[in-house]
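Please find the structures below.
In what comes next, subunit A is part of two complexes: it sits with subunit B in the first one and with subunit C in the second one.
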Partner chain A sequence: MKLTALQATRNYIRKREGSNLFCAVEETSVTLEPGTLTVLSGPSGSGKSTLLNMFAGLLPPSSGQILLDDTDLYHLEDRELSRLRNLHIGIIPQGQTALAAFNVQDNILMPWLLYGSRKNEAFSEKRKRAEELMEAAGILELRREMPSGLSGGEIRRMAVCRAMLQKPEIILADEPTGDLDEENTAVVMDLLKEHAASGGTVFVVTHDIQVRTYADRMLSMRKGVVTEE
Partner chain B sequence: MFLRMVRGTLFRQWKKMLMIAFTIALGASLCTAMLSVVLDVKDKVNQELKAYGANITVVPKQASILNDLYEVEGQSAGTVYLKEDELGNIKTIFWAFNIVDFAPFVNTEAILDDGSSVAVTGSWFHHHLSLPTGEELDAGMNSLRSWWDITAGEWIDEASMEETAVMIGDALAERTGLSAGDTIHLKGTEKEGNYWIAGVFNAGGDEDQQIFMQLNEAQALSGLDGCVNSIEVSALTTPDNELAVKAARDPSSLTIAQYETWYCTAYVSSICYQIQEVITDSVASAVRQVADSEGAILDKTQLLMILITILALVGSALGICNLVTASVMERSRELGLVKALGAYNRSVMSPVLTEILITAVVGGVAGFFAGIGFAQIIGHSVFNSSIAIRPMLIPIVTILVLLVTFAGCIPAFRTILKLEPTVVLHGG
Partner chain C sequence: MTESLSFKNLTKRPGRALALALLCAFLCFAALAGSLFVTGLRQGLSSLETRLGADIMVVPYEATSKSRLSDMILQGNPGYFYMDSAVMDKLRSMEGVGEISAQFFLATASSSCCSAAVQIIGFDPATDFTIQPWVKHSYQGELGNMQVLVGNDLNAFPGDVLTFYGSDVTVAAKLDRTGTYLDTAVYANPETIRTLIAQAMEKKIYDFGDIDPYEVVSCVLINAADGYVTEDVLNEINIHVRKVEAVQTSALLSDVSSKLTGLSSLIGWLIAAIWILAIGILILAFVMISNERKKEFAVLRTLGASRGKLAGLIMKESLLVSCFGSLLGAALALLAVWLFGGAAENAMGLPFLLPKAGGLILLSAVSIAATILAGSLAAAVSAFRISGIDTAFILRGDDGRS
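Coming up: the complex of A and B.
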């Protein structure tokens, strides 16, 4: 599946430099191709996360379209868009994101549990997938731990596993290595690279120079304008 | 997952949930207490208002005409009477349950040993009556003259005392030098005999010069067997409106619809009309001040209780609103994450609603029983008796608690609907 921003812009109302309209993303046309790990870098406030959220179906563009193959994401109903995101788009949000009432394994299984049941036959298959991901991310031994007992880096790796659970065609990662040391950065980026190599579409927004070495395609963004590097 | 989310929140935010349950319990308890009192206040106020005496008097039609001509209130002309055997009919009218007490009166005179004349009134004293309908009741002037101060002796008890027991006013007692336990000789037009004074009373009026005895004995003294001069009725009434005033002037001036509305409402004029239907050749008229104040007091008491209930529920809804919204805001990052992972709005709201409903059930049940307790405290401190708890209170309070809980949750649900994962997850 390819993800395309077609003449997409995103404006915010904000008092700035005499104008109350702040354009976070200037008119952008960019396609994220399957089998490619695309890295977007740029200074803070350049609009990277905004563009990622637009791709994720979480933030409608002010103009233009976001297309998943030929489907305009923002023409779908809330329920359809939610289900599509659940099945086809894995999101690794910025910061530490975990549900405090669930242990690590259940946090990772969350995308499946939202629509499935533990009594379902497919559950054991999903649990096995979660264990494989946890092992690859080096957090298998923490699967029964609650998020309150984890470090920032461990929560970040848990979020990566969660995004990959449903084997989504697209993974969107916002600073996925933000809290990680070099070794764990390599672990996470290997997982993402592997996903891209298997035909997935991976889009990473980062400041981390180390991540650039994993990129199949490099984009940079300044003041809302995306350029190829 | 759903249950675990609910359980997780209930345990993690137990202090907040406890506050929500407490708020709901407070509203439910006030609601239960006030509605219990509202549903039972009719009987309680009714008992209280019995102290004001009768609010309807029934006299023979001809006597009423004379009263109107000479503007004499409460007197009856000598030669026309009501029938004693029709008295029970009063409890068979459409508004029978609103008739709380009644008593017949026979007015006559007797000669004392010193040759002076004394007014004698015969009536019922807590008289037991078996109606043709199978209903049994006690009626009489004990409650209609509850303000009487018994200065010596006691009220006549028809069940245990001889028929010759009488009560005399304290002015007469002073004039004759008699007191409770003494015997007085009376000579009527048809009978004479000795009567035992059961009690001496102070009524604060003309009655202090009179002798009160049982109805049959007064009828025998004057040869008026089966005859009654007047009937006093204490009835629970609805305050008059324009329709009631119009009907009181002339019921035949009403349209059929107006007539049905008037007849089926407990206006004092409607009850008077119905009494006239069952007592031959009678005119029933309202003692206006008493009748009006009874209905007004009841209405105002109920209105006050209902207003307190509404205020308690509104206060409760506002409290729930604040607490649930705060709870949702506290979890906005988690709820935003669940949305980002693919949950749609309804599936995000369901656990929140379930948590609140569980809390509402706990708070509501606790509040209901606390409310029953409050109702009893109100009953004993205000009416000096228990408040009856009606089964219909359970569905009413349940519905009100659920409505208030849902109303209180609306802002929180709006917050969830508007929750943008990009905003709550940004920069975490």
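Coming up: the complex of A and C.
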């Protein structure tokens, strides 16, 4: 599946400066292609997260469209969009996003648990999938741990596994290596790279120079304007 | 499978869940204990009304230093008084007198069945219209000589032999609970009572003065005949029959029923106040908790939870909590009423009769349902708020920016 921004813009109202509209993303048209790991870099405040959230179906553009293949995400009902996100778009948000009440394995299984049961065949398949992912991310032995007992890098790796559980065609990662050391960065980026190599559409927003080396395609963003590098 | 998610969420934060559950338990307890209390009093009064069951009581004039009569009837303090049985014939011949039956009172010294003195009530099976309808529930036979029926609160059972004034009587049956003074009394036919009085006098165990036990009655119960007004009949009796006083039973009870009305409305207001307060606290608690959990819900959104699903999650969590809490509260309320109902009854000096199992179940079910409804209402407020969260905005908050 491909994800397209079509003349998408996003304004915010900035209360501090009167009620002036502040344009975080200028008119942007860009298509994220399957089989490609696209890296978007740019200074803080340039609108990277804003663009990513629009791609994720979490933030409606002020004008323009976001298309998943030919479907306009923001013309869907919340229920349909949510289910679509659940099945087809894996999101690794910026920051720490562990669910504190669940252990590592249940955190990773959460996209399935939201709509599926713990009892059937399909669940044991999902669990196997989760185990494979944890194995690849090097956190298999932590599966029964609660997030409070994990390091930032381990939690990030958990979030990556969680985003990949449903084998989504699209993965959107906001600073997935933000607070990780080189080693952890490599583990996470290898997972994402692998996903792209097997036909997935991967979009990574980052400051990190190391991440650029994994890119199939480089974009940069400055003051809401996206340019190809 | 959001049920198990809700359950996990709760069990992982037991303190929070418990606090909410206890709040619900408190709600349910207040509602159930309060309403059981009020119903108990209401039923006690109506039980007393039906057991008194007559429009007019005629008693010897000296008995109407009224407190004696009402002490006896409302609080079950044993007592006795006698008048000439010729009164009976006079009353029977009066205009406006319908059903009429005599009763005999006798207070015993303590006996084997009972820690304190016992009231013995004699009634005439041929004419009685107040006691027998109630007796019929537990005893269908004809009460023989030296046989008695015992009230529900007495520690005596069918077949037991009790000794009053040196005479043995056999317990024929134990009667249904009424919640009134009748529960601590013993019932016999007039022959038995007279025999007891005679023997007590013979053995000089007790001094009844110079009465002839075969020529006295204690009180006469009267219903006004069809077409006659109770007050008129009452006045007729008080004017024309000497040395007796006719008392209207409803007047005897009016004191109790006004006390009861006051108490009921007080408890009603109390319950209402508790509920308003507790629902307010519940709403606040749910909103605070869900504010604190905004990030968690935003993460679930990124994982594909719809707004409806988040709302459902909150509602299910609150349902689990309020179910657990209200069951706990109901159980505690039943326990409290069962343990302390009797004490309260004595302290207030009012008749008290708990509803039967069916009524208990119904009241409990209503309280539990109301509590769950209140919990759901409180949760709905935060479910509504949470389902409207701006996921992108909340996820930004993580880095200390806003």
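We take it that the second predicted complex is superposed on the first by the 224 of 229 C-alpha atoms of A that agree within 3 Å, B and C clash if a C-alpha of one lies under 4 Å from a C-alpha of the other, contacts with A are read in each partner's own complex, and residues count from 1 in each chain.
What we mean here is this: a residue touches a chain if its C-beta (ideal position, glycine included) is under 8 Å from a C-beta of that chain, and two chains touch if they have at least 3 such contacts.
As the structure is a prediction and not an experimental result, all values here were calculated from the model.
Upon superposition of the two complexes on subunit A, a steric clash is found between subunit B and subunit C.
In the superposed model, A:L59 makes contact with both subunit B and subunit C. Applying the stated contact rule after C-alpha superposition, one finds that A:P93 touches each of subunit B and subunit C. Contacts of A:S82 after superposition on the shared chain: both subunit B and subunit C are touched. Of the two partner chains placed around the shared chain by superposition, neither subunit B nor subunit C is touched by A:K48.
Of the two partner chains placed by superposition, A:R156 touches none, neither subunit B nor subunit C.
The intersection of subunit A residues touching subunit B with those touching subunit C, taken from the two complexes, comprises 49-50, 53, 56, 58-59, 78-79, 82-87, 91, 93-97, 99-102, 106, 110-111, 113-115, 118, 162. Of all residues in subunit A, those touching subunit C in their complex are 49-50, 53, 56, 58-59, 78-79, 81-87, 89, 91, 93-97, 99-102, 106, 110-111, 113-118, 162.
Partner subunit A is touched in their complex by these residues of subunit B: 1, 4-5, 7-9, 12, 333-334, 337-345, 347, 420-422, 425-428. On subunit A, the positions that touch subunit B within their shared complex are 49-50, 53, 56, 58-59, 78-79, 82-87, 91, 93-102, 106, 110-111, 113-115, 118, 162. Residue ranges on subunit C touching subunit A, taken from their complex, read 1-2, 4-5, 8-9, 12-13, 295-296, 299-309, 391-392, 395-396, 398-399.
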